[in-house]
Structures are given as structure tokens and as C-alpha cells.
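Labels run A, B, C, D and E following the written order; every chain starts at residue 1.
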Amino acid sequence: TTFTATPAHAEKTKFEFWYGLSGDLGERVQEACSKFNQSQGDFEIVCTSQNGYDTTLQNTIAAYRAKKQPAITQIYDAGTLDLMLSKAFIPAKTLMADNGYTIDWNNYFGGIANYYATAAGELNSFPFNSSTAMFYYNADAFAKAGIDFKPDTWEQVEEAARKLKAAGYECPMGMSFDTWATMEQFSAIHNQPIATQANGYKGLDAEVVFNKTKFVDQVTFLKKMADEKLVVIKTKQLGMDVVPAFTSQTCQMIQTSIADHGTIGKTLPEGVKWEVAMLPVWKGTERQNSLVGGASLWVMAGLPDAQYKGAAAFLNYLGTPEMAQWWSTVTGYIPVTKTGFDAMKANGFYDKAPYKGRELAIASLTYTPTSENTRGIRLGGFTQIRKEVGTALEAIFMQNADVQTELDKAAERSNAVLRRFEKTYAGQTLN
Amino acid sequence: MADITIRAVRKSYGKTATLHGIDLAFASGEFVVILGPSGCGKSTLLRMIAGLEDITGGEIEINGRVVNKLEPRERGCAMVFQNYALYPHMTVADNIGYALKVAGVPKAERRTRIVETARIVGLGDYLERRPAALSGGQRQRVAMARAIIREPGVFLFDEPLSNLDATLRVTMRAEIRKLHQRLSATSVFVTHDQVEAMTLADKLVVMNKGHVEQVGQPLDIYHRPASTFVASFIGAPPMNLIDARIDASAPVARHEHLAIPVPAAMAAALAGRDVTLGIRPEECRVLPVGEGLPARVDFVEELGSGRIVHVAFGSRTFAAAIPLDIRVVPGDLIGLALPTAQLHVFDRETGRRLDVTHSAGRQEPVRQAAETV
Amino acid sequence: MDKRAVFRSWWLPTAFALPQLALIALFFYWPAVAVVRWAFTLEPPFGGAAEFVGLANFRDVFADPLYWNSVVVSLIFALAGTLSTIFIGLVLALAVDRQLPGSGAVRFLYILPYAIAGPAAGMAFRFILSPERGLMASVNSAFPDFWNPAKYGSHALILVIVVFAWKWAGYTFIFLLAGLQSVPKSLTEAAAMDGSGPIRRAIDIQIPMLAPTLFFLLVTMMTEGFVGADTYGIVARTTDGGPNHGTEVMVYRIVEEAFRGLNYSGASAQSIVLIGLIMIFTFIQFRFIERRVHYK
Amino acid sequence: MIQRTPYADAFTYALMALGFLLLIGPFAVIVAGASQTVQQVNAVPFNFLPQNQLLANMAEAWQRANLGTAMLNSFIMASLVTFGKVALSAMTAFSIVFFRTRFKHVFFWIVFITLMLPLEVRVVPTYAVAADLFEPIRLLIAWVTGITVSIEWNLLNSYAGLTLPLVATATGTFLYRQFYLTLPDELAEAARMDGSGPIRFFFDVVLPLSRTTMLALTTIMFVYGWNQYLWPLLMVTDPTYKTTMMSLVALLPSENGTPDWNVTLAGSLIIMLPPLLVVAVLQRWFVRGLVSSEK
Amino acid sequence: MADITIRAVRKSYGKTATLHGIDLAFASGEFVVILGPSGCGKSTLLRMIAGLEDITGGEIEINGRVVNKLEPRERGCAMVFQNYALYPHMTVADNIGYALKVAGVPKAERRTRIVETARIVGLGDYLERRPAALSGGQRQRVAMARAIIREPGVFLFDEPLSNLDATLRVTMRAEIRKLHQRLSATSVFVTHDQVEAMTLADKLVVMNKGHVEQVGQPLDIYHRPASTFVASFIGAPPMNLIDARIDASAPVARHEHLAIPVPAAMAAALAGRDVTLGIRPEECRVLPVGEGLPARVDFVEELGSGRIVHVAFGSRTFAAAIPLDIRVVPGDLIGLALPTAQLHVFDRETGRRLDVTHSAGRQEPVRQAAETV
């Protein structure tokens, strides 16, 4: 006997989407999922938060090894190379082509797409929640301290800090040991390499060089500022990270993600004036584009075709301008496509209060065409490398260790990580 | 050396009263034995003296000082526990010397005293053993040594012999007695074994259900028990008791069809009264059938050194200790003679002794024996 | 250690142990085989061909000074954590065992921390002990730098030990209280007669008599301190191994290495060394400590 | 009771009060935080006084983390883990303690070692096992007979998968062993004289006598099962099997999210209720239970 | 009902031998008491009969069937343990009925038998209690009932009375005896209490250090102990023993300056030999000083029903049971008479009895007494 299922009762194709966002951002992802489920009748996406980027990567790996992988998974920037070398995914372009979607891949901002693309520029994964680091400052405090300029350069930051200090502010600028802004973004906009081989894009034999670039001077500068109490360390361990330090008006300047824009607006007491700007550069520097942060969506290999149809539909759905705008509205993330951004600009999104300033993130990301040093970072075990640098900063700032020595140590340990990674993937080449 | 005065002492656990007002006075150096059945409150009383139990009411005085609120260590008593309560993790030497260590006695002196005390109780060779590696008798000695070494004013013993086997019990009894003679501390010894009580006591306290039944010298109590309870509790086999009514017309007491001859004085004094008559097994004599009162042999216990014959006597079973040369077998009909001079008489209602004549009880040897000890 | 009265049968005990043995074989030993295999290869995170590298992973582990740092940190953490939980549990158990009015209520309250999940405990302590926000902030404003676990490795280590001790003191408390209640009353009484006061009695009599319980707690707490899920959770949630590796216990390092560094092979090698270490510890405990424990 | 002095009593009370502060203080912090608004909970310095938002925050947490389902799942999971551990450990310890076999020490160590390799360290391969439970059996069959069979059992997203790997450890076995070792030898002998074999002895005597140990273990294991975090997080992807710890972690503000710790704390308050209840109800026996035997 | 034969049974724990080859035969229905000091291997032997202990060597036969390899339940024995080993979680009824339940006896029948058995041991009113709520004597009875209910061929008792207090011990002794008479199962009763042994045994086995020292009827053993060990182990106070050398010229044995008269036959047979002389306290007589052998009173124990005087005699202490009408005090010099007919003589080296004359020991009453029981 055979059953012929009538379309009305056809089973929806279910497929899974694992993501790392939690808290209210996790809620937003769930909303996106239900929007998608309501928008069509053929597929049902089951979205599960893995409560953190790192656990999402871990769990994806475990699941893949057990052949229970989700169709789509959200992987943060630092995990990009691991996925790329895994052969465990279906490239974005292939997926969309196979399932009959024509995507204008050039519509993605270059500064964003490059991070996730092959050397040939073909996207492996879909940029999703993208961000970049920005400079936030408390305009009220600036006014009180009599600062009448925007802090575009580090010289100005220093000057502002001194004035704020003089005006009685305990914490002119807050800083944490997160390397993303302090090292990665700083290096990019100052066109400094983090590693050889074009930050790893050209081969697995890259070696880190952050202990030999302007970054060393930057750390030395920040440390001097810290010694003068112009920069104050704010970490979870001390009780408050930089964002709460800023929103509680403890600190008047911080560097953090554009994604915090929404949160900062919501948490700062009403009426407080604050501004967001591109990260400062040293005077005389030719500013480069900043790096994209956040995470992208990968489609995992080894699943039935029907699921890929659904995955493609979902990814396509996320790419629609309406969804792009919705996503950028309810989160602090930036739109990843030019059309999305244009549409938002056109309808005046960036003119109104809570969203004003977010367009600067796009400006920062697209400031210049990407160079070897600003394309992105393609280093194996990059999370580990971040941790090594973070630890070095911790030693330097908390325990007064020598800047160069600590960074050299961190570089040495990072290179060991890279060598092991290279060995693990011996014989594989980057494409 | 210390005297102890116990005044109207009461003890309740929650609502249930365990001791109902005890009054006792122990002279300095006296060996007092508290005897009574299980659960009568002996241990409770002892532990209240020791300070291990709160006093619900009344006062305890040691050496003229009220100790109700003092901690055990402030009372100057040493105690030997029924289960010895040796510290299982310490060697014999450490067990014995613990009190000195607590008192801060220097090591060298402590050692000397430990060795000396161990010698007294015959444990010289076992100083480095753990209690687990000792026999029952040896453990008992450790417990004793632990008490002795402190040279306390008062020794308290809570059935220290009850866990020993019979042979050892006899030996240890003698040793305790000797020890008391040597140290002459006031000793309070709790037991429910009447042989221990008899052989050890200067003063015997018989307790029952939270009351003191009788206080006195052991032989005095043996020969003139103040109640049926005391009568049946002291002596093994216990005193034979039989309910009877004193005849108004003849010097006999009647129990069913039996007419038991009683002293004339008793008959006169108690004519017509319901009483309980008592006689000790060793005073009963077994005669050929036809003589004395009729009885039937129930069973015979051979002790080697003697023989106990249990006879059916009226509706009661009587025990009689008989010499080895009289031979009887179960089922034999015999005659039972109950010497009138040895009869005890108690009030049927209250169980209290009725003292009507000087002939009751064998009194003469009593004082003498007590003095000889 | 052995009981006298035992049944004789080989299949019955095997059958009785079988369900657990089967589960253990499936969920413990079989996965452990993979861990061992990884330790001798360079395992790519997503699987696939892995190169056999012999002892290279172990060599790397042993050559890394930070690894030895983590061994030391772990030892300190496990020892201090074990001793402090047992100490706190013991002191409280001794107090409650005196059965003063009201001790029943606190007995219940003391167990509560054990019932709390690691993340919740971590959150609470974040609010209490963070040097610039919590209770300690006021102490710090009076004595600057009095308490700064973000700065001083020693403070951070104390911090994680405190959280561990807080979480597990209720657990040791309850076992020790139970143990105390089974110490024959007459022993403490004998000691009281021998002139020792409550504290002396506790030290000389009650604590030695708790040996079986203390042994159980020693083994479980040491193991928990070395490899417990809580240990990882506490470190990850309060100090993240910092500052400057100051609280990087072995299990934290392993998990970080495996999941943050995606270095399964290095993590496996470390795990195997860790297991070896704990087995030595446990063996010592059983061999030399349990011998002195009397069960009856 | 040994005659007490007021000083010792006062000292005892002081200790108990200190213990109370140390052990219960942190709860007060959780309650305080849980009753504040986002602004208050993020204020510097932290305000240790409770405010009036408790119920609102709890409701928010309940709804946001879908605590209804999660609590039910956690309850089922904790109960199954508890039941499994209590039962299997009792059996294994029985075979270790009461039999004279050459394997008993081997069994003991085989089981005991599992205390030492935490799930964290072997989570990836364990996941693989849970995804394909019969792999080892298949391999075994293939190795022994050369036949390839295709039986599969996937435990992911199931209660069995949530619980079985957690049951496979040693704490319970160790605890039972310690208890069994304190049972008098004569009990087993008396049972043998009464004609009972080991199985009957186990069910008629050992188990009933272990009741208190069991309750202790039940308490410990319920809490343990309830507080499981890593494993469910990994192996549950179907929201219908979501557990409370997953909810709690989901309530943790993420890096760029709103720092609404008040909701997180309120959620943690709700989540800790069931284990607290279990402890509250069972702890009386728990204490007596660990008092090895009523001799 | 079953007979038991024990053939060359040995037991070793690891390398240490505990029993060195025991040969014994117990007739069907016999009440056998195994007596010996702590650690001599009594329990081990009993447990081997029960099947609780492997047999290292030799054979045990019950009812003609070698049981070496049988499980306890297949041997038809019931056992009463020293500490009772009651199931603490079961009621009295369940404890008693457990064996029947295991045997699959239907509930109704089980109940009837439980009630009946409980009645026999006097526990009718306690069926629903837990052991924890019973007194020692009651627990003991539950243990008995648990054994009785199975109507076994063999009863094994491992010191069942040793945890009871003295009074209760006497009562329970009588009850066990009665029970045996009623059930007439073969009973093996292990004890180190010689009073129990004497009063209970049909056949008494005295063990020492893993060997059987003597087997026989109790009074026979009492009156003709086969060795100094048996002599001093049985009887309380124990037999007085003194080392002496039999004079070659006169019928006396010399101990230091003392010359103890001995029967002529003995003197003749053992002239010049080093022996140990023994005499029971109840056979010693106390005479005025000057008569008999000189001794000094050390101390006196008053038992109420009698009196034990301990005297220094040569370098030994002798105990003598004396009637109540003789009065002595410590320090008194007295004369001690040791009737030659009651003297026991043992080889000094081996401690074995030397039987040279029919006059040693009081034999006549022995058989008789045994028959009367």
C-alpha cells in the first residue's frame, strides 16, 4: 500500500538552527525564527540557543562528530578558520545556487564579507549579527569638563582624559582586557599586521607579530595612562565590565561593540547625553577600515537535501531588507548588505534618537577598501591567542609586568598554538 | 576522699519522672553499692553525681559544696563506665594518661604515673596496645586504671563488671575491693548483680522504680529485707515467697490446704491478717515424704558445689538448696520444712516487712560479719 | 575493610554489578578510549584523519611551565578547598551536635548552599566579593587594595576556594553531623570525666572517632576539588583562570584547551596525567589512611 | 547530656550564628538582587536591601525562560538520575561488599575510578556515544563474528540520554559501600541460617536497612541531577527537553545584551526552590540516615 | 533431631591455625555445651557446623550426611547469635517468621506458627514491636523464637546469654533447658560461663586453644577434671591449685615449708614427683589456729547465703567456702584442713590429671544427679 499525502497535511520539513546568543538577544533570534515559521508553510525551523559562542562551536563539533549536526549554526569570528578547514559545511554560494536562489553576493559590504570569504572572495558563511568596535563617550561629562572637541585621535583622548580627571571624574576612560578592540581593531585601523601571511590569509604557516607593531606602543601608552589614573581597568572580575561602567557613568569613555549601542541607550539614565564615534587613531595615521565582529551562519554538511531547502529559505528570508531592518532595530547589530543599509538610511532610521550614530559603524567598516591587514584574521586557535594576549594585558595592567616581555611571551605561546594547528591540518591548504 | 549528700533529688526526662526524690548521704571513704533492677534509675543517679546529667530538682553536695551547676571536671569524680568507654584510637598508656594530659601534667611525670598505675592493675605489659587488642578483663582494667590515676575524691562505677565472664567477674570483684582498701576514696558502685552488691558494699542502697527501697549494711538487708521487693531481689535463687493468712486460732499460716507453722508471737500479733511469708532457699530443709509440708520435686539444678531443688509447693514453686548427699529426682514427693525462726513476714498489700518478733531473720551474725570486713 | 560474612557466588555479584558496569563501560570507559587515542594523535576538531604523534602531546604538556603552574594551583585549590570545607563542616557539626535549643533550625539552613546551582552561587558571590562593587568595595575604600582578586593571584585563589567552601560546607556538615551522632556518647562522657572541656573533647575524642566519615569526605572532596564539575564552574564563572593564570586549575585548563583552543589532543594528554595524579592520591588515601579507619 | 557551662553555650551560639551568616548571607544577596530593577541591580555600589520588583522579575523570568517546561523536565531528569543512582549503586556496592570473589576489588576500582574523569573532559566522545549508543556493541559483534549489524539507538533529546550518562558514576556506590561496611556481619549470617540467599537478603534486609542512606543519597543526587548543566546543554537541542539550568544560563545576560541581572537572579530563585524543598523534606532522615546503623 | 559427628576438623585463617583437629560426636537430642575461654575456637567450631565458615580440614556429618559443602540452609540447623542479630527493621513477628517466609510458607500458616512460637517464649504481646523497643531479655527471646520456629534438627547457640543481666540470665537458662526438653532437638551451646555449662549440659566439651581438653558429663568433669586447665576453669571460686613435691618418705606433699597430707596410695605411686595439687574451695575446712595447716585470712566475701574466705597459704591464696557460723576477720591466723580424699593431683609438666587412687574426687553423686535431670 502507498500513501499519497495531500499537500494540506504534508509534514513540514524540520531543520535545526543553533545559535550562541543568550539573554534578550537570544529572544530576538527566537522571534526571527517564529517570524520565518509564520511566513511560510513548508519548513519549520527549530532554534536552540547554546548559550554562548564558544559552547555553540563546541556543541556543533560534538554534534557533527556524532552526525547529529544542526542545519545552521552560528559561529563567531574567531571560529571561522576552524570551520573553514573542517570540510563540514556547505559554502554559502553553493547552497543558494543549489536551491535556486540568486543572491547578489556583491551586495554584502566588502569589509564584512571578506572575513568569511575564501581567498577568491566567495562567501563560506552568511554574515548575520555583525558589528565593529566603536568609541563611546559621555557628552555631558565632556561638557562639564569643558571639552569642546570630539576625540578622534588618541592625543585628543589623552587630553580629554586629563580634563575629565581635572573635573573630578574618577574614571575618564574605562578599559578591559578584551583584545578585540584594543588589539585587533586598533591594528586594523592603523594598518598593522597581527600575523604574517596577511594575518593568516595566505597560509597556515603564519606567525603572530603583534609584539613588534604599533600595538606595543599603544599598550605602553595605555599603561602610562592607567598609571596616571586616566585609564581605569574595568572587568567582570573587578565587579563591572566597561559597558556597565559607562552606563553607570563611572567611566566617561570606552571602546566597545556597536552591538552595545542599544543596551547603552536603554541602561543609561534618561536625559544623559552620550555620543558614539569611530575608534580614535594616532595623529597622522592614515585610518583604515575596521574589522567586522560578531558571528556568521554556517550551513553544516551531511544532511538530507530537504533540510537544505529550508536552510536556504531561512537564510534568504533573513537577507530581505525588512528583516535586515528589523534585526538592526531590535538589536544593536548593523545591517550587512548595502541594500539593507540604504533602505534604513532612506527611511530615516539613523536620524532618530536611539539609533542615531549607528551608521558610523558602517562608515568605520567601509572606511577604506580592505588591505592585507584589515581583511580579517584567519588564524587557527584564535580564541586561544586572544586569551594569551588578554592574559598579557592582565599581567601588564594589574601586576605591572613589563609590556614588551609580556607581549613577547604571549606571541611565543600564540605561535605554539599556530604551529600545533598547522600540524593538525598538515597537508591542507587555505582556499 | 569526699562525702556526698543527695537531697530530694529528682529527675525527669521530658514529662516522665525517672527519680522521685532521692535522699542519701555517703560518708567519706565509704563503699556504696546501688542495687536495683534494670531501668530503676541507678545509672541516672550516678550520672547526676558525675555531672553527666542535668539535675531536675534537689541538690547534690560533694564535700559540702553544691555541685548542681558544675561541669564534670570540676567535681573531682572519676567514673568507670559499663562498656568501659575506652578511647579506641589511643593506646592503653594514652587512655590511662589522658586525664593527666588534659590536666597539663608534664610528660615525664605522666609516664611515671601511667607505668605505676598500670602496674597496680596488672597491665604493665600492655601499655602500647590499642583497646581493640585487649580481652574484656584487660579492657576493664584499663578503665579502672584511667579512674585510679587521677586519685579522685569519688569513684563512680556503672556496672563495671557486667560485661565480663563469670570467672573474671570474681577476680575483678576482689581487685576492686582491694583497690578501695588501698585508695580509700568514696566509691559509688552501681550494679544489678546482687552477689557483687553483697560482697562489695559497706553500704547498700536498693532502688526500685526511681525510689530508694532500703539502705543499710548488706547482710542486714539480706537478713532483714524491708520489703518483698528487696527480699526477692537479693539472694540467688531468690527468697521463696508465699501468700498466706495467719490463722487466728493456731500458730500457723494457711495457704490453700497448707498449714505453715509460724512463731507464736507472729501468730498472735498478726492473727487473721493477709500476709506474704518468705523464706530463703538455704533455710528450707528437704525431708522424707510424710514429714514437714508436702511438696513435689519439679527439677534439680546441679552446680557441682551444691544442688538446687525446685519443688512444687501449693500453687508456688519453691527453691531449696540442699546438700550433695541428699538425692532426689523430678517427680519425687518430699517433705519441706520451713524453720519458723527463719520466716520473714510482709504485709500483703504494701509488701513492707512486718517486724513482730525478734525471731524473724538470723540477726546475730550480721553485725559481726560486717565488722570483720 | 573486608567483611567476614560473605556469600559465595561469582555470577550473582557480577549480575548485580552489571547494570552499573554496563553503563560505566558505555558512558565512561568507551569515551575514555577516545580520550586516550586523542592523547597520542593530533585530533582535528571536526574529526577526520589524525596523525599519530606518539608522546609528543605529553612532551608538550610537560614542557609547558603553565601546565606545572596549573598542577600547583590545583593542588592548593583541592587541598585548601577540601580542608576548609571539612573544617567548616566540622566546626558547625560540632556546634549543632551540642543540641542547644535552635540547632535543629540551623541544621536545615546549613545544608541549603549545597542545593544551589553553581551559576547561581557564582552570581551571588559576584555581588558580594567583587572588589569594586560588592561588600568588599567598602572594605577596599577603607583599606585600598585590601581585596583585589582581579589583581592578585592569591586573592583570586582565595576567592574560588571561598566559593567552593561555601558550596560544599553544607555537604560535609551533614555527613559530619551524622558521623558525630554515631560516636558513642559514653566516650565523650568519659572524656568529660577525665577533665576535658567541650573543645578538648572535640579534638581528642570526637574528631578521631569520625575517621570513617572524614575519610569518605577526604576522598570525595579531594576528587571534587581536582576534577569536579563545580570546580570548573566556579573558576570559569568567577575568575576565568586569572589573573595571569593565578587560578588556572587543571580541570579548567583542560576544558579551556579542549573547547576554547579546540586542542582535543593536548587536553586529552592533560586529562590522562590528571587521572594518573588523582589515582595516585586516591591510592594513597586508601592505602595509608583507610587502614587507620575502623568501621565499627 | 553533659552538664554545660554558659560560656561554652555562648561560644556555640556564636559559632552557629557565624555559620548562619556565612552560609545563608549569599542567599540574601540573591533575594535583594532579584527584587530590584535593571537600573538598581546595576547601580554602584550594589544595594543589599530588597526592593519591590521580586514578583515582577520572577514572572518575567518564568515567562522568558519558559520555566514551566524546564522545571518539569528537570524534575523528571533529577528523579530519574536519583532513582537510577540509588538503585544501581546499592546493587553494585552490595556485590562489592557482601561477596567473597576475586573481582570485588576490581569491580570497586572500575567503578571508583569514574569519580575521577569528569564529564567535562570526556564530553565530546560521550556525546558521540549518546548519539549512537550501540556503536560499541556493533563493533564488538563485528569484531567477534565479522557480521555487520545495523542497530542504532540515539539518546539525544530524550530523558534516557539526559540521565543514563549521569547515572554511570561512583559517588553513590562509595557511599553505600561505607554504609554496608558498618552493618554487623551477623545479619548476613542470620539471614543465611534462615535460609535466605543473597538476593533475598538484599531485598529483605539490606535495602530496608539502607533506607536512610538511600534518602541521603536521594537528596544528594536529586540536587546533583537538578543542577546538571553541561550535559543537558550539549545533548538537548529540542526545546521540549530543555532543563532549568539551561534556562538559567539562557537568562544570563550575554556580552552585548541588556544586563538584567535582576531577572536572572529572580529566575535562579525559582529554580533553586525544588532542590531546597527536597532538602528541607528529606534532611531529617538524611541526618539520621548517615548515622550508619541503629544498633 | 539429628546426630552430629565431627572428624579431625581443622580450621586455619590464612596461616594461623585456630582449630587443631577436633573429634566429637553428639547424639541425637543431646544438649551439648562447649565451654572454653575467649578465643579458644568455640564460635569457630559452631560456625563450621552451621556452614558459616569453611572447613579447612576434616569432616562434619549431620545425620550421617557429610555437610562440608552444603549451604547453611541445607543443613537443617538454626542458630542463636551472641548479639542476637535481629533484623532491626522488622517487627518481632516478621523476625520470627522470616525463615518461614523465605521457605515460602503461606501467610496464614506462618501467622499461626509465629503466634504459637511467640507464646512459647512469652512474647505474645510484643509481636508488632521493633527490636529497638525491646529489653535485652526480650530480644534474646526473639532470637530464640526465630530459631525455634523452624523446628530444626540442630540448635546452635553462640553465647546467647552473655549480654543479659545476671537475674535474666538465670531465668533464660531455665527457659532454654525447658525448651530443650520440649523440642528435644540436638543442641550445641557455646559459652564461657561455667555455671551455664554446668546447669545446661548433657554433655560438656571443654576447649582450650583450639583443642578439646575434656568431654563428659558436667559433674563428672567438675569432680574429675582432666587437667589443671579444666580444674581451674570450672567452679567458682575456682579450684585451689598448689605446686608441691610428693615426699618419698611420708604421705605428704611439700610446698615450701608446708607439708600437705596426701593419701598413702598417691604418695606411694608418685613418690618424689613434682605435681600440682588441687582442692575445691567447698572442700577446704577452716579450723582454729594450730590445727591443720597454717594460713592467714586475707579477706572475706559475704554472700548472705554463705561466705568465702580468702587465705594466704604458703605463697598462694586459697579460697575456702565456710558456713555462716564460723567468724573470721582479715589478719586472723587459722588452720586449713585439706581432706586427703578430696585432693586432685596433676602432673606439674603437662597439667594432666594423675589418677592414682579411687579416693580422688567425689564420684558417687555424679551419675545419679545426671540421671535426675
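Just a few scattered comments:
To be clear about the criterion, contacts are C-beta pairs under 8 Å (C-beta built on N, C-alpha and C of every residue); 3 or more make two chains touch, one makes a residue touch a chain.
Chain identities (UniProt): B, E = Sn-glycerol-3-phosphate ABC transporter ATP-binding protein UgpC; C = sn-glycerol-3-phosphate transport system permease protein UgpA; D = sn-glycerol-3-phosphate transport system permease protein UgpE.
Please read all numbers here as calculations on a predicted model, not as lab measurements.
Shared contact partners of chain A and chain E, listed by label: D.
The minimal number of chain-to-chain contact steps leading from chain D to chain E is 1. Per-pair tallies of C-beta contacts place C-D first.
Distance from the chain B centre to the chain C centre is 57 Å, each centre being the mean of its Cα atoms. Centre to centre, using the average C-alpha position, chain C and chain D are separated by 15 Å.
One finds 37 Å separating the Cα centroids of chain A and chain C.
Rounded to whole angstrom, the centroid-to-centroid distance between chain A and chain B, based on C-alpha atoms, equals 92 Å.
The multi-chain contact residues of chain A, meaning those touching 2 or more other chains, are 55, 58, 61, 65, 239-240. Shared interface positions of chain E, i.e. residues touching 2 or more other chains, are given as 52. Residue numbers of chain D whose C-beta contacts span two or more other chains: 1-2, 4, 44, 124, 128, 130, 184, 186-187, 189, 192, 197, 249, 252. Across the assembly, chains come into contact as A-C, A-D, B-C, B-D, B-E, C-D, D-E. Touching chain C in their complex are the following residues of chain B: 47, 50-52, 71-73, 77-79, 81-83, 85-89, 98-99, 102-103, 132, 146, 150.
Per the touch definition, chain C reaches chain B in the complex via residues 184, 186-187, 189-197, 200, 204-205, 208-209, 211, 294. Note for the complex: chain E touches chain B at residues 38-39, 135-136, 162, 165-167, 170, 177, 192-195, 198-199, 218-219, 222-223, 233-238, 280-282, 299-307, 310, 321, 324-325, 327-330, 362, 365, 368-373.
Touching chain C in their complex are the following residues of chain A: 54-55, 57-58, 61, 64-65, 82, 85-88, 233, 235-240, 381, 383-384, 387, 391, 394-395, 398-399, 401, 417, 420, 423-426.
Those residues of chain D lying in contact with chain A across their complex are 38-39, 42-44, 64, 123-124, 127-128, 130-132, 154, 156, 233-234, 236-239, 246, 249-260.
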